[in-house]
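Please go over the structures that come below.
You will see chain A twice below: alongside chain B first, and alongside chain C after that.
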Partner chain A sequence: MTKGILYHEVTKTRRVAILILSVFVSSWLISAVVQAQAPVPDDQTYRIAKQLNCPTCAGRNLADCPTETCTQWKNEIKAQLDQGKNAEEVLAYFEARFGPTVLQEPPKEGTTAILWAAPVGAAIVFFGVVGVVMWRMSQRRSAQVAVAAATGGANANAHASVAADPFVSELEREVKDES
Partner chain B sequence: MFTDLGHLAVIFAFAACLYAAIISPLGAARNDDRLVQSGRLAAFMTLPLVLIGCLGLWFALITHDFGVQYVASVSNLATPLFYRITALWGSQNGSILFWCLIMAAFVAAAMAKEWKEDKPLLPYVTMTMALVLGFFIFVQLFLTNAFVRYDFPPQDGRGLNPLLRHPGMIIHPPMLYAGYTGLLVPFAFCVASLLARRTDNLWLRSSRRWTLVGWAFLAAGLLLGGRWAHDVLGWGGYWGWDPSENKPFITWLIATAFLHSAMIQEKRGMFKNWNVFLMMLTFASMFFGTAFIRSGLLTSVHAFAASDIGPFFMGAMLIILAACAVLWLTRLDTLKSEHKLDSAFSREGIFLIQNVLFLSTAFTVFIGTMFPILSEAITGQKITVGPPYYDQVAGPQMAALVLLMGVAPLLAWHKASGQTVWRQMIGPVVFGVVVMVGLFIIGVRQALPLLGFGLCAYTLAQTVMEYVRGVSARVKSMGEGVPTALLRLAQKNQRRYGGYLVHIGVVLLAIGAIGKGFYGTDVIRNVAINESFTVGDYTFTYRGIRPVPCEFDDCQTVQGMLLITNAAGQTIGSAFPNRDYYPAQEHTATIPEITGTFNEEVYVLLGGWENNGATASFQVYINPLINWIWVGGIVVILGFFVAFWPPTDREPSTVRGPARRAAGAPAK
Partner chain C sequence: MNPEGTLNASPATPAAPAKSNGKGKLLIVAGAVAAIAAVGVLFALAFSLVSQQGARPTAGSPAPDFSMALYPGYTGGLPEQIKLSDLRGRPVVMNFWASWCVECYKEADALEAVYRKYKDQGVVFLGVDYLDTEAPALAYLQQYNITYANGVDVQQKIAKAYRITGVPETFFIDKNGVVREVIIAPLSEAQLSASIDRLLNE
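What follows is the complex of A and B.
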């Protein structure tokens, strides 16, 4: 019998719990529907926003950033488009107002030119150094070969004629079961 | 109670590091093996000690001990058990403790290994590792202590950062940590070889497998991070050139260069100083990246909040750089090459070019990541370097690396013959051209992706040919069947054929990147109920929004409903992207619906809505070939396993193939 009473109590508490839960859930759902009703940019605004940096969340573009400042910027873009400006004019407006750093793609002039030039310069320097090192190393080598040839070496020719295809013979040698 | 015990254990771990760092070189100086072994044991003991520390913090997390500040900052009563466990690395302080745990695991593994001919290096390896681990434990204890308690414990915690509630995010940080800390082992061997003046190949032989482990963990961490960004961050892509991704990527690039140039030293005894330099650079980049991400100097979607550990890390960084430079320069004379470069047109020559390309790519990523900070410091201008920069500057360099992958394996060591190389090349070149013509016919008309796909096809064919040539050579010379030959081939040359498998994976990755990069489209559309919009071949019809239960107790989810039809008007599916709102953190997560086919992913985000869903906006990405990236990533990891799997043959692994030939033993 105690089981019955307990059961009854459980269902009663359960009803209360369900009530509380449904209050919670519905208030959640309502607030969830209310929140995040940020005005939505249209497609052209979005295209332009993609080419601008978000002023608040660094490292992201304006289009993907949901903050309030970004929304204001997007509204500004939309307002300018509605005034009949085209994409270039809108971008030019933002560049004139906030400087070139507002653009997703840093301009290849001014301070940011360094950014574009540095990797190219580094690559040139790296390859230059490696080229010089290789050239010097092979110079030393050819000097050695010249000496070897002078001191009497028909060996080189004999060596070359051993295998018709050095690549394949090398490979066969390497893959051969050595055990 | 347990938590305070954990705190105590970490303090002991710090003491153990100090002891090991002092006693080991002392043992070496006095030539007293007992001291060396004592230091070794002390360094080993850091693992159980730090583990007790982590268990202590885990205990606090699991039991909702909000008296511990860290627990209150990363969890609350609603946090499920699974995420309470992973909250250990959910924020700065705990993650440094967790970092110490993984690093201690590598230290203990290195200490526990069998020390044979590399025994002279032991005291210095112990010392280097104990110093680096000690540094991080010091940071944990004195700057970012995770065990600090509140005077008055709060009733409930703040909850885990919603962004971190994803399986990818759960595995991604430990993977990256393992990658970073794993590279401590080869670095310690490298430093030890210089300190012990054993500048032969000893350190490379002992540490090359460790490098591979760190490298593979980094690769896996980067891939999982990409997957996480794709699934949770709503990036629409897999890679955003975010500083927190760039730093490990830089380290990965340098480590890859090292893995290749280490081969030159092993086979030819050349470029020893270069390898030492690369290993030091790998470690420095790892340390630098950690410092920057953790000090909050870089702003990024998932860097840690600003903190005052920056100057401390920078100071340590300078000391490490100075120590490495001094060590390297004073040992330069002993790091001479054993051989001269026979020809630039050789395997070693092309490896050198490839090394330079890896470094210049790493430098490009580095300068792009650092430029905003430099620019702000010098001119006060806040600059963001976006993906267009990396795509234009790093992109071509990476394409060149793909080309080298297709050429380098053909060049013989010493000196390659142009004729032989060309004969091997012609087939794959024809294949690449055929693929390009085929793609042109089916409508790929842009020059760059056409070239890119052709290049990938060539390199893929060339790499597959490596297997074909190897197998047929075995079939011919050993009379084996094809499957046996393939298996034996990989068994006998694990590193080579594992490496080629990695190459194949990278080519697949490149194909995915080209597809997504050049043919990915995305639009954002605002639609009313039952209104349709078209993207590519797909038509999306808006059917309304609805609230759905959220996976977590502390969030509210609204789901958008879209019907997808194809060009012929047939229904091919539906999309239900979510927006999760976390009131406590005031955070909104856009969880995409990912559908479509293997070759063309359809990625739908719910942007927002008005008037209770009368209109809503959706962001739709069409991502062609993006799935090739995940497949390529899996192949890369498989390749690692082939290369790393413990050798099964009877010969001892140290005198296999190449080394034996170098030692002059004839092949039977």
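What follows is the complex of A and C.
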């Protein structure tokens, strides 16, 4: 009976797992098919649009955005290409009209430069602090080693100085002669 | 059993955890310093952005000044390059719009109709084209037979100065350059007329 319930529970869990997995797989397949079928109007237009942001949806690429604004912008890219402009000129037009934030990679100047530099600065501070603290620790360790060596050396020197003492030498010789 | 050996071994045993504690502390300190530095930079950045943008103009606050190039053929009797402060002495109805904005279509006819009704009383209508490319913008102006002044908001400088939240948005500015009303919605002829009448009766 218990075995039956357990078996039932296991198969139920397995069924749910299979269902979730199949939902994931089928949605992935559908999205892959839709993406493959998505019309790419013009390679050059698409390539340029990939370098621009959608102006109304935050963080979205112009090339992949289906809004009316982005459709108009893509038409503008195509129209300018048809007029004989190259990619740089088209991008320059968009930057001049809508500002550098329209570019996927805005020039590293002003406020943008701070955004680019902040993580680098934080990393420099982090590794700088780690480096300084590690250097101090190693200095302290070598100082300890030096102290230990100096203490050991002093004992050895003490032995050496005793051996070199003429009185001690004389005493040792007399003891040897008597024996 | 050598007692000296025990003596020598005993300090070596606690040395290992002390060392790892030191490293852990070091990482915590370094991480904290880096995090504080990063947060400081972000705060400085946010502060500079906010100070650049200023406050959103509301009723009673001075209308931020700006210059704008008007579309050829859509100057409404004004020079091709206008400056808001040059229009002092005349009430200004400033409307942010875009050709891709569906809500803007709803008020386009009303704006033109009310402009024609009040233009002889010295009321200036200014259309500020937001995030738009030229061809569809001109097609829009042509479609709705717009005759009042319209220009492009280059790099969204005017939109940023007025801190708009979208389009359409309309600012009613009195003859002294003070914002009297802000409406964030498509306007009807009646609403527009009522707001302009208030400006004229001040």
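Note that the second predicted complex is superposed on the first by the 112 of 179 C-alpha atoms of A that agree within 3 Å, B and C clash if a C-alpha of one lies under 4 Å from a C-alpha of the other, contacts with A are read in each partner's own complex, and residues count from 1 in each chain.
Heads up, the rule we're going with is that a residue touches a chain if its C-beta (ideal position, glycine included) is under 8 Å from a C-beta of that chain, and two chains touch if they have at least 3 such contacts.
Just so you know, these numbers come straight off a predicted model, no measurement behind them.
Should A:Ala113 be classified as contacting the first partner (chain B), the second (chain C), both, or neither?
Once the two structures are laid over each other on A, A:Ala113 reaches no partner at all.
With the two structures laid over each other on chain A, which partner does A:Tyr46 touch: chain B (first), chain C (second), both, or neither?
The first partner, chain B, only.
A:Ala92 contacts which: chain B (first), chain C (second), both, neither?
neither
Contacts for A:Asn61 in the overlay, against chain B (first) and chain C (second): which applies, first, second, both or neither?
In the superposed model, A:Asn61 contacts chain B only, not chain C.
Quick check on the superposed pair: does A:Glu76 touch chain B, chain C, both, or neither? Answer first, second, both or neither.
A:Glu76: touches chain C, not chain B.
Tell me which partner A:Phe126 touches in the superposition: chain B (first), chain C (second), both or neither.
Both partners, chain B and chain C.
Tell me which touches more residues of chain A here: chain C or chain B.
Per-residue touch count on chain A favours B.
Using the superposition on A, tell me which residues of chain A are in contact with chain B and, in the other complex, with chain C.
Of chain A, residues 99, 111, 114-115, 118-119, 122-123, 126-127, 130, 133-134, 137 contact chain B in one complex and chain C in the other.
Give the list of chain C residues in touch with chain A in this complex.
Answer in residue numbers: 22, 26-27, 29-31, 33-35, 37-38, 41-42, 44-45, 48-49, 98-100, 102, 131-136, 152, 154-156.
Within their complex, state which residues of chain B touch chain A.
Of all residues in chain B, those touching chain A are 234-235, 240, 242-243, 299-301, 340-344, 349, 352-353, 356, 359-360, 363-364, 367-368, 371-372, 375, 379, 381-389, 393-394, 397, 410, 412, 417, 420-421, 423-424, 469-470, 473-474, 476-478, 488-489, 492-493, 523-526, 545, 547, 556-558, 579, 581, 583, 588, 607-610, 612-613, 615-617, 649-651, 657-658, 660, 667-668.
Residue numbers of chain A touching chain B in their complex, please.
Going through chain A, the ones touching chain B are 28-29, 31-33, 35-43, 46, 53-54, 57-61, 63-64, 66, 99, 101, 104-106, 111-112, 114-116, 118-120, 122-123, 126-127, 130, 133-135, 137-138, 140-141, 144, 165-168, 170-179.
Please output the residues of chain A touching chain C within their complex, sorted ascending.
Interface residues on chain A, with respect to chain C: 55-56, 67-69, 72-73, 75-76, 79, 96-99, 111, 114-115, 117-119, 121-123, 125-127, 129-130, 133-134, 137.
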